[in-house]
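Here chain A shows up in two complexes: once beside chain B, once beside chain C.
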Partner chain A sequence: MINGLIKAIANLEEETTLRLVKEKIASGETPLEIVEQCRKGVEIVGKRYNEEIYYLSDLIMSEEIFRRVMEILEPHFPKNTNQNKYKLIMGTIEGDIHDLGKNIVINLLRSVGFEVRDLGVDVQPEDFVKCVKETGASIIGISVLLTFSINSVKKVMRLLEEAGLRDNMTVVIGGYPVNERIREYTGADYYETDAVKAVELFKRIIMEKE
Partner chain B sequence: MLSHEQKNTLGSRDRVALAIQRQETDRIPKGEICIDEAVVKASLSCDKVGFDENLEFTNKLGLDIICLNPLYPEFNGDLPDSREVFWADLNKWSDTNLFRFVMLDGVLGWGIKVFGFNQFLILSNKSPLSFHSFIEKVESLNVEMVRRLIDAGVDGLIIADDLAYQRGLLINPRVMRRYIFPSLESQVAEMARGGVPVFIHSDGNINEIIPDIIEIGFNGLHCIDRNSSMDIFDLQQKYGSKLCFWGSLHAEDLIKAREPDCLQTLLDTIFTIASKKGFILGTNCGLFNGISWDGLMLVYEKIKELGK
Partner chain C sequence: MSEKMQQLYNERLRRYQAAIALEMPDRIPISAGSNYFAEVYAGHSNQEFIYDVNKWTEADVKFVNDFPEVDAFRSGRFWGPLHDAVGFNMYKLPGRDLSPRTQFQFVEGERMKADEYDLLINDPVTFLFERFLPRTLNDFKEPGSIRANMALIKGSIASGMMGGFMRNRSIYLQNELGMPNSMGGVFLAPFDYLADGLRGLRGVMLDVRRQPDKILEACDALIPDIVNAGLAIADPLRRSPIFLPLHRGAFPFLSPKQFDELYWPSLKKTMLMFIEAGYTIRAYLEGDWGPNWHHFRELPKGKVLCDIDVQGDIFMAKEELGGYQCIAGGMPDSMLILGTPAEVKERVKLLCETVGKDGGFIINGGCGIPYDARPENFRAMIDAVLEYGRYSDTFDFEIQMNPNPPAGWQPPKRRVATPWEVKLQELGGVKGDEELIRKNWEMLEHMAFNWLFSWMW
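Showing the complex of A and B:
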């Protein structure tokens, strides 16, 4: 049987969720126990989204509720307990300002526990590499919708190579025009055109890395 | 049925108007929802693009439509004053024979610009009053602009709003029906009062709300992206008696059109679609920098050659 907190998040009831979280803290439940219940709630949201019961806005709402829960819980966490998130960098490549697909994937990834650094749109190849150095991330997702921007993806790969970062790096390209031929041309490791499948792909990559 | 004299004698404006009314046309009407300056520059090998160059490019492609996008004042975090919005060469285009579509932005586009993507998508949940009030503001802005545009004698209007993405709607349709659609209905009614047909442009999979779109009073739909499960044949069968469909050419089609076999397959598909009334040919995304406009040219030239 699912408890009230899981149900509140699953039903996207923000105020109820926050009230229940505060009550649980007061009653002595640990932040980790509470996060786990919230995660289960978010998982139900994801399931309903996959079953086309929920829409993208609902998914974002669950992320917003989760974010507010974390704000409440943060002071109660023992230090360094929340450092196990998988770091990932995402951005739309230079020359391209389409961000819908990227935003969807980011929201999906965050809803399943990834820590995503969103570099935004029209991102210079150099900035992907700079961000890898800053964050230590070992996965990059590059969104590309315009075919003429594909050479810039290739440039990211070259810069990673030159910086000696390529070996430990997994690069996924996504967006409408990408296919196996483009993946091969750019030198990326994977490609995906479907947001939901992309999340599964990132999960698989993490498992392989572990 | 068009008489023998009417065959090949229709002007662009009449051709498009007939297609919107889902009547027979002499040729397949063609139009692009937007044409990037860079495409015109590349095609005409010119440095600057003004009215003359846009007209030359439009004629070169044999388009029947010119679609004018709004020019807004510098964004200050809120909606602009309608009096500060312009459309380049609005009056000059009326001297041509082209069908003048003018584009207005919808509530999602504005909301995402003003509030940010995530914040706007959850605004209806977090603050229904703010969501409703913002929708009313967009409606006022658009209605004020519609009145000006009708006075200027435009031929058609488009409300451009990406309500969906590849998988489906961005916002729950219950929310759309409660807040967004009533506002769209008021805007469309204002346009209809001016006797101007109205299209909606949305990327993505909007299959779920097509009946709503018809109910609201839209005359046509732009962007029929098969990669977003928008099947033109299915749409024509279900809603062809109520909506005019504009688009269906994919950027990918234009690249493939350079190969003769692919070009023939594409042409066969176009002719099958166009055999039903109420169709305007064009790309789903407009001609942006990087698109294979030469592929589009090949398609259009072949259609012209075949007298279609």
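Showing the complex of A and C:
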């Protein structure tokens, strides 16, 4: 059933969303229930984006609304409820400081329940591998916008191989210039150029892993 | 200029201009802004050619000697010391903030706040001095301080030097190498001024929903200053098109409705003003502009060369724009970087037989040749154009060159910080020819404003 909050988020009605969230808290709904409704709203936003009803400007708006909702909810979350979320590492490759696409994907992933470790931009290949060892994550998303940085992605793959971590690892590359040819060249498992489709891809990968 | 160089220059320029004007030259022209391919090809690191202007000429010479079939090109335009002089924080530079062998990169930021539209619109001088520049120039964080005053002085000296380098380079390219510039001068879409340097992408995208009227108002208010700033550095002889890199109008940043309402009207007005001043435009349609190509049919035919990026489909672009505007592109970056000469040759053949077959086409990568393209692939591209891209042995087209604007054309009002009337009053009148004094006063005031404006992206 689509309630008012889901609808408000789906329609990107900022003020209505925030008002409804506050009302729900006052009436005793738990933060988790509220987040779940927001997630459904964001899902509809993603669907509309796929159907070209919404565009990037709208995704950014939905992300902003979600951010403000989380700001309101933050103090109401019980402490230390680290649920078993699926862990994923993400970063923009060395030599590249573009983070718009990466941030959109990360925010969408978080809104659907992923735990994302964001390594930021200009990430050295070694640091991806180090983070795998630290977190035990088995999915890496690498954002690459500059063709010049493609070789660094290849290096990540080589280092994973050398560390014996390649077999259980799924590596997705994303960003405007990537295509099948570049995926093949780097040795990554998947590529995606669309933020919403990337989230679908990560969901599929998890299903396969489970 | 030697007669041979003059002849070579004319031949190249004529071919380039004919294609832009939708006439049929003798063959498909080859032209790019090099995107640092020329400089890297000459063996320099990105840091070297951003910090050492002598490297530009060295690279130009090597590039033109090795690839003389190229018809028009342009190499670097960033000079690191100018950025350092003022602490410009909108770009990360190779060798300073990034590895010496990588590309300079834009730094997103909110350098204008959501509630500053009215100030930008009504009083851009105050906006620049009190809000924008202290956030954008690290050496100008405290206006009035010695550090900040020095930044302004160093910055304007450096800009003057930079102008000199660019001018000398153009003259050298023309006289010694017979090579025309593929573009001269630059401007952005009004919306992109907001989306790039001022509000930043995130800021502007939120404004699209929260305060679209302010976006519209600001875009319109920016037009006269954009036109004047662009004209100030354009080719005085109107031979080369003015460069227009287009950013956030690409799919999927804005919805078609948002594009039609917020992006296009002010961009169209701005382009028309340059065209009315006697110029052509070279627009880099960066990213996928497919849904918005059709708009370029609204402009006078053969005035806007549209570079189609690799995310756009060059064949579709031809269908949409053929007969309206010349298009450039067609070579996938990944093929130039990772492919083989044989693949490149096949691709060029296909382009020549399809999009190129009846003119209005210039071969290029997606908005430039990637600087990590394999030189043998670039060579193969050129050879294949010579083999498959020939139309005829002779062609009629007169070079377009004119130091004067069309009759009756007037520039938009030139902005100054202190109007002459104020100065005149302070002087208590002048004793000789007032016009002679006023003209130069206003020229320098206006140039100073353009300098401030130039930091907006």
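Here, the second predicted complex is superposed on the first by the 134 of 210 C-alpha atoms of A that agree within 3 Å, B and C clash if a C-alpha of one lies under 4 Å from a C-alpha of the other, contacts with A are read in each partner's own complex, and residues count from 1 in each chain.
Following the convention adopted for this analysis, a residue touches a chain if its C-beta (ideal position, glycine included) is under 8 Å from a C-beta of that chain, and two chains touch if they have at least 3 such contacts.
Bear in mind the structure is a predicted one, so any value in this text is a computation, not a measurement.
Contact with chain C, but none with chain B, is seen for A:Tyr185 once the two complexes are overlaid on the shared chain. In the superposition on chain A, A:Val105 contacts neither chain B nor chain C. In the superposed model, A:Pro177 makes contact with both chain B and chain C.
After overlaying the two complexes on the shared chain, residue contacts for A:Asp122 are found with chain C alone; chain B is out of touch. In the superposed model, A:Leu12 makes contact with both chain B and chain C. Once chain A of one complex is fitted onto chain A of the other, the partner contacts of A:Leu146 extend to both chain B and chain C. In the superposed model, A:Asp58 makes contact with both chain B and chain C.
Contacts of chain A with chain B, set against its contacts with chain C after fitting on chain A, overlap at residues 12, 14, 52, 54-58, 60-61, 64, 95, 99-100, 146-149, 176-177.
In the complex of the two chains, the chain B residues touching chain A come out as 117-118, 121-122, 124-126, 162, 165-173, 175, 203, 227, 251-252, 255, 288-291.
Chain contact summary for the complex, chain C toward chain A: residues 92, 98-99, 101-103, 105, 107-108, 201-202, 205-206, 208-210, 251-255, 258, 287, 310-311, 333-334, 337-338, 370-372. Looking at the complex, you find that chain A touches chain C at residues 12, 14, 49, 52, 54-58, 60-61, 64, 94-100, 122, 146-150, 176-177, 179, 181-182, 185. Across the complex, chain A meets chain B through its residues 12, 14, 52, 54-58, 60-61, 63-64, 95, 99-101, 103-104, 107, 146-149, 176-177, 194-196.
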